[in-house]
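This is the structure I want to talk about, given as structure tokens.
Letters A, B, C and D name the chains as they come in the text, with residue numbers starting at 1 for each one.
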Amino acid sequence: MGIREECGVFGVFGHAEAARLTYYGLYALQHRGQESAGIAASDGRGIVCHKGMGLVFEVFNRERIEALPGTSAIGHVRYSTTGRSHLVNAQPLCVTVRGTNLALAHNGNLVNAAAIRERLESVGSIFQTSLDTEVVAHLVAHRQSNGIEHAIVKSLNEVKGAYAFLFMTPERMFAARDPHGIRPLSMGKLGDAVVFSSETCAFDIIGAETVRDVRPGEMIVVDSDGYRSVYFDRPARSALCIFEYIYFARPDSNIEGVNVHAARKQMGKVLAQEHPADADLVTGVPDSSISAATGYAEEAGIPYEMGLVKNRYIGRTFIQPSEELRSFGVKVKLNALDKVVRGKRVVLVDDSIVRGTTIGHIVNLLQDAGAREVHLRVASPPYRFPCFYGIDTSTSGELIAASKTPEEITRVVRADSLGYLSIRGLVKALGRSEGSFCLSCFNGSYPVDIPAGAGKFILEGGTSCGEQV
Amino acid sequence: MGIREECGVFGVFGHAEAARLTYYGLYALQHRGQESAGIAASDGRGIVCHKGMGLVFEVFNRERIEALPGTSAIGHVRYSTTGRSHLVNAQPLCVTVRGTNLALAHNGNLVNAAAIRERLESVGSIFQTSLDTEVVAHLVAHRQSNGIEHAIVKSLNEVKGAYAFLFMTPERMFAARDPHGIRPLSMGKLGDAVVFSSETCAFDIIGAETVRDVRPGEMIVVDSDGYRSVYFDRPARSALCIFEYIYFARPDSNIEGVNVHAARKQMGKVLAQEHPADADLVTGVPDSSISAATGYAEEAGIPYEMGLVKNRYIGRTFIQPSEELRSFGVKVKLNALDKVVRGKRVVLVDDSIVRGTTIGHIVNLLQDAGAREVHLRVASPPYRFPCFYGIDTSTSGELIAASKTPEEITRVVRADSLGYLSIRGLVKALGRSEGSFCLSCFNGSYPVDIPAGAGKFILEGGTSCGEQV
Amino acid sequence: MGIREECGVFGVFGHAEAARLTYYGLYALQHRGQESAGIAASDGRGIVCHKGMGLVFEVFNRERIEALPGTSAIGHVRYSTTGRSHLVNAQPLCVTVRGTNLALAHNGNLVNAAAIRERLESVGSIFQTSLDTEVVAHLVAHRQSNGIEHAIVKSLNEVKGAYAFLFMTPERMFAARDPHGIRPLSMGKLGDAVVFSSETCAFDIIGAETVRDVRPGEMIVVDSDGYRSVYFDRPARSALCIFEYIYFARPDSNIEGVNVHAARKQMGKVLAQEHPADADLVTGVPDSSISAATGYAEEAGIPYEMGLVKNRYIGRTFIQPSEELRSFGVKVKLNALDKVVRGKRVVLVDDSIVRGTTIGHIVNLLQDAGAREVHLRVASPPYRFPCFYGIDTSTSGELIAASKTPEEITRVVRADSLGYLSIRGLVKALGRSEGSFCLSCFNGSYPVDIPAGAGKFILEGGTSCGEQV
Amino acid sequence: MGIREECGVFGVFGHAEAARLTYYGLYALQHRGQESAGIAASDGRGIVCHKGMGLVFEVFNRERIEALPGTSAIGHVRYSTTGRSHLVNAQPLCVTVRGTNLALAHNGNLVNAAAIRERLESVGSIFQTSLDTEVVAHLVAHRQSNGIEHAIVKSLNEVKGAYAFLFMTPERMFAARDPHGIRPLSMGKLGDAVVFSSETCAFDIIGAETVRDVRPGEMIVVDSDGYRSVYFDRPARSALCIFEYIYFARPDSNIEGVNVHAARKQMGKVLAQEHPADADLVTGVPDSSISAATGYAEEAGIPYEMGLVKNRYIGRTFIQPSEELRSFGVKVKLNALDKVVRGKRVVLVDDSIVRGTTIGHIVNLLQDAGAREVHLRVASPPYRFPCFYGIDTSTSGELIAASKTPEEITRVVRADSLGYLSIRGLVKALGRSEGSFCLSCFNGSYPVDIPAGAGKFILEGGTSCGEQV
């Protein structure tokens, strides 16, 4: 895989250890973003925030968590790009509107942010980040005459795209999900406290109980009286991002009641039905494809083996091999077990293929280790269209399936055969109707219209402020 | 001394090494602020900025300087408080207005910032820092319909207070000083490049030549055609902060043509005339009072001696003595030379007294080392009124001279005698008329009206975003 | 599991990128030690060494690797204890003997080191570490009159215990394995270069080819003429530490020709034969027990499921839960998939049980997630005797199986049933005779005599020198 | 100046806060060494040590000081070279001899260390550092049959050179000074505790009282019964390194009862008598030459002025100017006050001249600032011979006065005149006879014979072990 989620969000309202619980929550969501982490905490009067570049455990220490007071907090983890990343773009975004602190944490992408930003700038608004989230902060401030709740609802009515939003004022918390429910957001309980998370695995870590998913177009308002539900937009067709099941979410999370590992295993089973292979063993690309691979093995009645091992100790400052040593390439991260695969016909299961470069290396790795045949099976359909809702895929030009047939891809990656799960098989594995998901990366049918010329990083051109390490 | 300057600013326009020169400029201004440092650089199209907590050499390394492209740059150093300090308040402040990057660096304090901020918030502006500088960024954005230069002039017309401002757009630089010229700002030349600095010592370090001070109420506009002068406000009486001469500025800086060391030495001479002492030696509190002490010694015909030595190696993480070891207190930073002072009548010269705590310790240090008499001489008048123009003095309640006579202070610090330089003597030492300076801390006469209820930190209540270390 | 390996060693002779290759080799061996890392490199005249506390990627950066010159290098990773660990004990140990540099890297434990050290001290030798390795350095120095090779052989003849040793002089490298071959050590080739490693997975990462294991009692001498074999001791019964197969080694390593993953899977199969269970699914404790668990599942015909997920992002500075939040305990590292296990009869496979604390938590985690029954199956025999050959197990008092029967352990960990693999089954799974292994932790039969009163940390009492972080 | 002291040592025996007091003591001695710092502490049973690269406040934090237990401690600071420096060479050196911990801290240089090391290596001793101090540890271990005190005395009888030594065992402390007393070492009292320090300024910081200097050839033994004196060698002529007065020591230290600042001021006075100048002002190179400059000014009746200012904020990671910007060279550290020196005839006082490069830059700096004439006066005689007793001067080839007459030097540095203090004048300023000092760098008369071929770094060739940052 070569795609990246934008972010993960987490919030706690009404717990004496709000900041610390948020720390654990973010830690459980770390797979959704490793570039930066931040927590904003409220003591009922004002908001204090700490953000930094790096992993949750690097950004925070005991002293910093203890400096975040009060009984409510929201947190955010952001994805790691290979390019330049800046502290100024870390979240939560913390601003003051009419003398009141407001913190925002956002997962997703707003497709009309550029247009709104231009309009706001023309009336004198200044921007300090390149986050689309900042557009929403301005909208809220401009619409605040009838109170913050009304202002947030009005603002959400203006923005288009995919989002799971947490807003926090000193006294309240607001959790909202876009009308199509493209990005996931769940609500839980921990005693009397209300908690929100991009994924339920973060509830488990703190011993919270999952209550339900926030519904598409719903905003949940929490204050000292409890929580209530507001539907800020007319109902739209549900269109959950199917990649949460395929790749993003942790296997121990449940989305809309369906366990992610179980879903992946089922995808592997359907894949085995659609694309059987005459083979000696099944192996998966660690870690994300293990569930699908065991499903395939079980359905096909072929033994599941550990054909590949991933090194767990790689770090940011790891020295990449020099040009001369590049030949051993992918082995820094992944190694094949020659004693296991030598002379064998191997089914290699991957969850998805984006550019095709990595999987080509892996096929080669198995062949070098002596595999007689490598039958590549992909537990999702061909990835052909770019995402505009918060996933960092490049332009369609870089998507191998956008320009090549499966037969061509088979030759490029030098596999002996290749089978993709069908859209129909994918949906069947999830036991839901096709209309329940955003499948735009597979079928080009976008639930929210994309403005002409909209690229992924619609807000580039902001000043970029670096951080201190 | 226990007072702190707000900041130092530095700018370069039109030099291939703009960011690196700014690095050296800030380093020469480091005494004006040790809390944070930042540089914004422009390559003619956009602005890139790096800021961090700490000293200039800690915030920047070669890699970071090299990542700041282009031929113009502005930089800023900020003072270190004992309380909480936040990266979000580091400068330059970098924003986008109407699609254009704008960077601001500011030394001083705006007394009507709170009122303007309230008005801006009421029309929907959001604030992300607790800097009064951010108010100016908003004003500029709101007034930008007739171009950025017009917008800056209009904005400066609205704010009241003390300021030296550097503004940078991708193509231009603007240097402005408040109508009273309370905060210093000088212009220099380095080949064809134009440079600005809070103090001229920063010109020396890069081999630039001082051209002149920016004039009160003047804005200098620099672009690829050269520089020109704009007077944005009607003339007001000049009121340079006299504490620049007394304590803030480096001895090798020249302000309005007067060398700071020479001025201090002259103050020491006048002090010797006003308050002679029958003594064996003169010593000064290092480092800021050495110039005045040598002046006193020369005028009085008493030998100047090194009675006190300062430790040069103290760092942020130095472990302060525990309660049990506190007895040796001030010796961590300062030590008295017993062989020099034992049995002697000592004139101890300090540049100023704020709370009186530190000087009490120093008198005690000399007495413990065997000094027979300690005659305290202060090279400035009694500090009786709080500053609202960018100096971090506490409320008048903490100013010892606000509530105590010199006789009472003599007893509190347990000196054998005490003499303050008179206001008249101070002005005479500088060879200028009393009306040329802001003397408000001595006489309570404020050149810019202070709004009722205005405190020093007028913009508290903003969210405080921490930094990553 | 709660046991720790002592170390991993790696060496390269005759390659222009010796230090960099050693860096990658250590990185592949990182699972054998996370406390400290070090590399000594030779340019044919002298040896330069860099060591530090932490992971390989933390201790080394490009600049430090490039400062390690020459064509031969040896490296070492050391285990992480919960107690105090010191840089002075990091390896390689670098000394000068008769004007010549000598570097030593050692995995294992010498049972007579205390006695030899006492003898050496009585004749005036000084010790600077608490490593038993330092004893060997002294022995070599004392016996050096007939050359370094002779001195090393004589020294190895004196020490008793378990070891894989790499010695490097400016011109030569020596790789030795104890007469019983308790600790593993393999030789490989990379073009003309000779490489050594504790495990073959480190050969894969650099594209080297495995030649063979160094034999028990063999020392391989490498110099510019090539390599040759010296048997420094009479043959003894081979007694490879069986825990390398059970837990220590990476699944992609091959020891004496047997793949570690395949061995573990086979152990799981034999375990299923010996202790079948009436269950709905099989799951393993990640990551070390996954191989055995899939073997069990395959043999038993019960589906293998991902019942537990491990968090990958935990770091040294992770804030452990406070007392109040301790209730959610082990979930920080491990989470159970409730949708997978709820209402199910689960076979939980672990590779071994030492103290029993962790596995008790895991059983509880599954039960909390709704598992109807938890049948614990352990892919190794009861761990009853302490190890003296380089594994950090506590005294037998802390080994749960030393004092409790399987029935009692079942009750302590609150499992529904418990089955241990038999010694006979373990050996059968490996396809070798019982006499081929050191099984002392299971049967108390120690291949090398243990001196009366010998404890694990026989060399305590040395000065402990800390490091700078 | 371009010379560097080797080290500073500090010790405390019998105080509940021994490690913390040592931390403050080292901090006061920081000017004697900025490369590394270390403290070894004893709780009466064993010794724990912490060392690191960098300044005292960088190497230690509260946690590390608190991890150093017990009531006695010794510490060490080491000089900073421009070349490679290694943690393995940091002191105190901590070893185990016959089961007992021993820590050593040493200031000075042993001229026969290479010969002894060779002898020790020939009987099998191994070396782990390139410190001459390690030679002494071996000697002590070899001679220990009659107890540690006897062993230390015997060892000191064998080594030749300059030293101030602190030895610590779990129960005792030993402070020794070489028979000529070349390196300084003082004893003090803090309540019942005994303290030792290279300089008395470290006593002041902790409120200790100076008792006396340790005498040449004396070893003071401290244990729980108090202290007693042992003379381990026959009396030799006293030969204190005169550079302690000229440059090394802090002005607030007293050596053999003479205050360093006072001595320097007196040197400046004699210099004024020997080399008067017709000038308008006197200035000194900060910080080390200020005392001499004020003495010169006072004696000559010429005003003392601050003609040069030193930047206080330079740090290890400061980015040095690129080649293009090198022209402004020395201004990064030092700036001239043009308003003070313009058109003036300036007497520039420096404490000493080694290579002549730096002073040439400074003369040029004053001339560029407009000084009409620059009369260079040096408060010590021509530095013509290399030091073998612990000062890092290069070979005589690099000493400008070794090959050039004062007239030639005047031309090289482009001064208008040059005057050196005479040896006779220097000694007179100190009020002692010429025979009381080591003046070898001025007159080539070495109190301890230098072995043929002995260079400064006699122990090079040891393995060099780097540190972790």
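The criterion applied here is as follows: a residue touches a chain if its C-beta (ideal position, glycine included) is under 8 Å from a C-beta of that chain, and two chains touch if they have at least 3 such contacts.
The shown structure was predicted, so the numbers you read here are calculated from the model rather than taken from an experiment.
Shared residue numbers account for over half of those found at the interface formed by chain C and chain D, and the copies are therefore classed as meeting with the same residues. Distance from chain C peaks, on a Cα-centroid basis, for B.
Per-chain CA centroids place chain C at a distance of 47 Å from chain D. Mean C-alpha positions place chain A and chain C at a centre distance of 37 Å. If you average the Cα atoms of chain B and of chain C, the two centres end up 60 Å apart.
Touching of two or more other chains is recorded for residues 58 of chain D. Shown are all chain pairs that touch, namely A-B, A-C, B-D, C-D.
Every residue of chain B that touches chain D in the complex is listed here, in rising order: 17, 20-21, 23-24, 27-28, 30-31, 34, 55-58, 60-62, 65, 201, 204-207, 250-252, 254, 258-259, 261-262, 265, 287, 290-291, 294, 298, 303-306, 309, 311-319, 321-322, 324-325, 327-328, 331-332, 335-340. Within the complex formed with chain A, the residues of chain B that make contact are 40, 46-54, 58-59, 64, 67, 87-88, 93-99, 101-103, 118, 121-122, 124-128, 137-138, 141-144, 461-469.
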